[in-house]
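One chain, chain A, links the two complexes that follow: it is found with chain B in the first and with chain C in the second.
Up next is the complex of A and B:
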């Protein structure tokens, strides 16, 4: 084969010049602010006090990690919201993807329709559901009363437990479609011959699922769960609209608490420190996840 | 002979049983999918009908699910009284500008990575790490900087942030499209005396335009949907639809249903359009954060 010499030949500066606009922008809008924020996290910058600030060492970090019940509570809340959401999204997503893979007619249109919730903003999803949960005019109370299940106009956001259930419900509604799309793509990449061979060998559907579908889908499932896990640690817009962290802070997530520290209390340095705690937490979580996968694979091999 | 007899007796029976199971399986499949469709699309349907209700329909019992006389007055109210027209325009302008500038900045970078392996693979990892970065870690320093510069209530400030947030995603997808592009075409253009930049703009871009449209639509919707930067960095004149919607929550659980639902309908409209246009790319786009800011 002839080597396309001209297009590959280049002046030394060209690759750099082509990439430079993006690099410069990233440096100014991401790298510099992150560095500035890191610097701020060791200061006591508080906009409600004034523009002066001085070095306070690790004070913000120790306060956030050890002494602030609100932030520690939000870590717990975030975990309580993430765990059931991930499980439900994975199970429901897998179920729907398997149903879809059985469908012969109209699969693209059904898939596109089911994918819509994942395309809308968390804010819009939460707003639609907040209105559905509405006390007097909400669809849920009205339907419940019409069917005779509810005899009062129930306030769904009056108890912490039901509020968390509601947050998980909306989150599952919002992001199960994503899991479904990922798993459907994974299912379609499994060669059909494997199923035919298994059928010839007399394997029943249950055995085919356990010995073919699940092992071959494992990697896709890991990737899907990983992406959802990382995104769930950023949960903000949905909380802002659906519960605003209430009742009594029971649905405040880490991102939401950090937002309040920065833009309600104006404790910029403290919020910067909290945001670095979150970044660290997500990093540890990601590494832990990969490490667990590696250990399990090593054990399997 | 004995074997043949046995077979003819057994096979039809098994085939029949098989057919019944299959029929039952198909019925359950469609039943399951119908349930899923009701669950995932029901809220949209309810929001749409609610936005078309008259005020008296809200108080009716038994509840009105489909208004007998649909009216557009909540949309009119949203556009006039609640300045919805302005915020809708804001969202459109900011999303369009961010989409264009993200493409313009990302294309040469993607070209550099695809053709010359600029950054030697490290750059791609760096871009992926940016995708994982929580927005809350960025908004605090950016707010302080913008406040100092006095551009917290400014289109430009938001567009710059969205452009940069979008670079990782756009570069990642564009590199894929550019790798598939035949080098010979580009080479031919350059032999004819085209500079590299011109070859990129006039030869490559028209051919990979469909791919670029995918990136553009995803970045449009991501900007449209973004909330954290929008609520912190916008003022009364530059609010986007996402910020407008949250203003309806201040009335407690029984807020202003008519205009609130109308604003949700307008807010999810682009998502509906894009979900159908980009069916083939939904997995990739969503996985890479194509709809998040």
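Up next is the complex of A and C:
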């Protein structure tokens, strides 16, 4: 005969026992590095000097936020890359998703084909685009010459502005399929009865889009934009291969500058502090975004 | 049956005796391979370096019985990953490639060579090493800790078609009022770059370019290597005796202003060019002028890719005319060397392997091969008849390298050398991309240099610099505040 109290206790610990291997693994690969890097961010650990380090308080944070023009410049560069990328990815993703939602035959195949760019690793994509942007032998300049709009010697990385345009183009090519997939899923979850009822009421396509599609797709769009925003703040591989932050520092993103601080200058503590500044920034942006959404919804209600 | 067993027993006995004898006697193969079964872990920073070692690996095994297990860590992550291991007090590698300008950061992790030279009677052929490399590349705190592997310096290359065409000579003289010739000064270089840019100077209708360069701010900074020879020939120096940066003085400013001004005469894409792009443009006949690594010469002479075989000139990187005398200051840029990890469990075998790889005949194989991008560093490399006949005008190419040696300027070989260079290189590209004025860029670089010095400990840096600046002084390199104004 089993004692009920003991059985209850077993019920309590059993799930934890089963989950414990995964939890230990998570603690090792996620919690420990996070906690250790947070601890490091208050030290002055400089790998090029040696393993010794000491507590320096908020020095690394204040340097990053107030006294490092290169990091502050990279915040601006990241914003300049993120803004057009997000807008273009959202608009193109929405457009393609709406077109796809109307396709009756072969939609899965067309969707899979359109999603191919998102399946390519950022580094491979950057390498391919770097060759395509090439002067004289690059595919884009040669196509441009055939169309009579570009010289084969057009340099896609000749100036900060053109370099940012090139980075945004590759970023949009690479990630619009992701936005398309998210929005396509959202579109397909909208009940068709709503459109039929609107049609019966005489609503034109624009009115149906504005009054049904957009409001019901809003949450999916917010989720898609948030995921991409977080992704874009981590933009590294593409920059590393395509421009190495150049020309000058015009395409240095926050992730790239943090990499330079940590793995080129060996300032591990400073790099850890910069990482937490980035995380803090993204967190603030995300909360702000969600708060604005709530305020709007409350007003609409 | 009895006979069978007897015969079998005798056969086994004889066989056993023969086997015993073979094992007891020092066979020729075994004595020739004293380290048979030893595998050394080696780390290098590029696939072409791994390839270069493959040229001697066979002989290394035949002679010593040593095999190499070569790990390639790409250049951009190389210093970080290797120092990460070393600074944690260990190393998975026995034989370690490194950039000699990072000697202050690597040197303490290397086993000094001298005690092993005595113990194992090693012969590194020290007298055969080009003196300037022996002086500035191999020692840490006075102790010999490495051997050169790649004698990187810059020399100038030009396409003779551009400079010898009578039409070009006439046009140039009419415009610049002096004769067209391979440039000896920076002014002549800039004039030639301007003159040749944008038209078919080879007599074709092609759109060709004025000169080549590499301005990408990656690695230790390409643009820094292109700014440095101008800066030093205008009297510049890295620091004063108190570690105050001198890079933003008149010499640095003049050098950068000239680079910014002449940007339009360089090929599109130059801001992100690494080492090989301008070399390719030179050997394809698209730029008439380039100063670059000495490995370029082997590409120039490689008929499978070069259209200027036998039509190329080789010479000193231009300088500045100071009081009627040309002051040349080509770069050491920065080369490669090998050291033996002091954490290795196989130091003796690694020392033997390093000696073998560095032997004149073995290293010659490496520096002669165009695919290795390794450059000569022994006097015997430069005098080798085989090398001097490798391609048309190879002798002139090797003579140009030799002629550059007395004027070479090393990197600031003090702790954090790599970081000083990268910060400066970044700011130079900021100016080249017109995001900052040359003055703003160099002032910003000087501030960054101050921060590095502060972080690394001003007194420690000052002491290291005192040693290095004395070394540079012995090479004839000193700060001259007035040269920038009077240089022609």
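Operating definition for what follows: the second predicted complex is superposed on the first by the 286 of 301 C-alpha atoms of A that agree within 3 Å, B and C clash if a C-alpha of one lies under 4 Å from a C-alpha of the other, contacts with A are read in each partner's own complex, and residues count from 1 in each chain.
Going forward, a residue touches a chain if its C-beta (ideal position, glycine included) is under 8 Å from a C-beta of that chain, and two chains touch if they have at least 3 such contacts.
Source: prediction; values computed, not measured.
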(message) Contact-wise, after the overlay, does A:135 reach chain B, chain C, both or neither (first, second, both, neither)?
(response) both
(message) Quick one: is A:244 in contact with chain B, with chain C, with both, or with neither? Answer first, second, both or neither.
(response) both
(request) Using the superposition on chain A described above, determine whether A:157 touches chain B (first), chain C (second), both, or neither. (result) both
(request) With the two complexes superposed on chain A, say which partner A:100 touches: chain B (first), chain C (second), both, or neither. (result) first
(request) Scan A:263 for contacts with chain B and chain C and give back first, second, both or neither. (result) both
(request) Identify which of chain B and chain C touches the larger number of residues of chain A. (result) B
(message) I'd like to know which partner A:86 touches here: chain B for first, chain C for second, both or neither.
(response) neither
(request) Kindly classify A:69 by the partners it touches after superposition: chain B alone (first), chain C alone (second), both, or neither? (result) second
(message) Identify the residues of chain A that lie in both the chain B contact region and the chain C contact region.
(response) 134-135, 155, 157, 244, 263
(request) Give every residue of chain C touching chain A within the complex, in rising order. (result) 77, 79-80, 83-84, 87-89, 105, 207, 215-218, 267-269, 271-272, 415-416, 418-419, 422, 426, 429-436, 444, 455-456
(request) Within their complex, state which residues of chain B touch chain A. (result) 25-26, 29-30, 32-33, 36-37, 39-41, 43-44, 46-47, 50, 58, 61-63, 105-106, 108-109, 111-113, 115-116, 118-119, 123, 130, 132-145, 160-161, 163-164, 167, 171, 183-184, 186-187, 190-191, 196, 221, 224-228, 231-232, 242, 245-246, 248-249, 253-255, 257, 260-261, 263-264, 267-268, 271-272, 274-276, 279, 282-283, 286-287, 289, 291-292
(request) Spell out the part of chain A that touches chain C in their complex, as residue ranges. (result) 46-51, 69-70, 134-135, 153-155, 157-160, 243-250, 260, 263-267
(message) Under the definition above, what is the set of chain A residues touching chain B in their complex?
(response) 4, 6-8, 10, 14-16, 18-19, 21-23, 25-26, 29-30, 33-34, 36-37, 40, 45, 95-96, 99-100, 102-103, 108, 110-124, 127-139, 142-143, 145-146, 155, 157, 173, 176-178, 181-182, 184-185, 223, 227, 230-231, 233-234, 236-237, 240-241, 244, 255, 258-259, 262-263, 268, 271-272, 275-276, 278-279, 282, 286
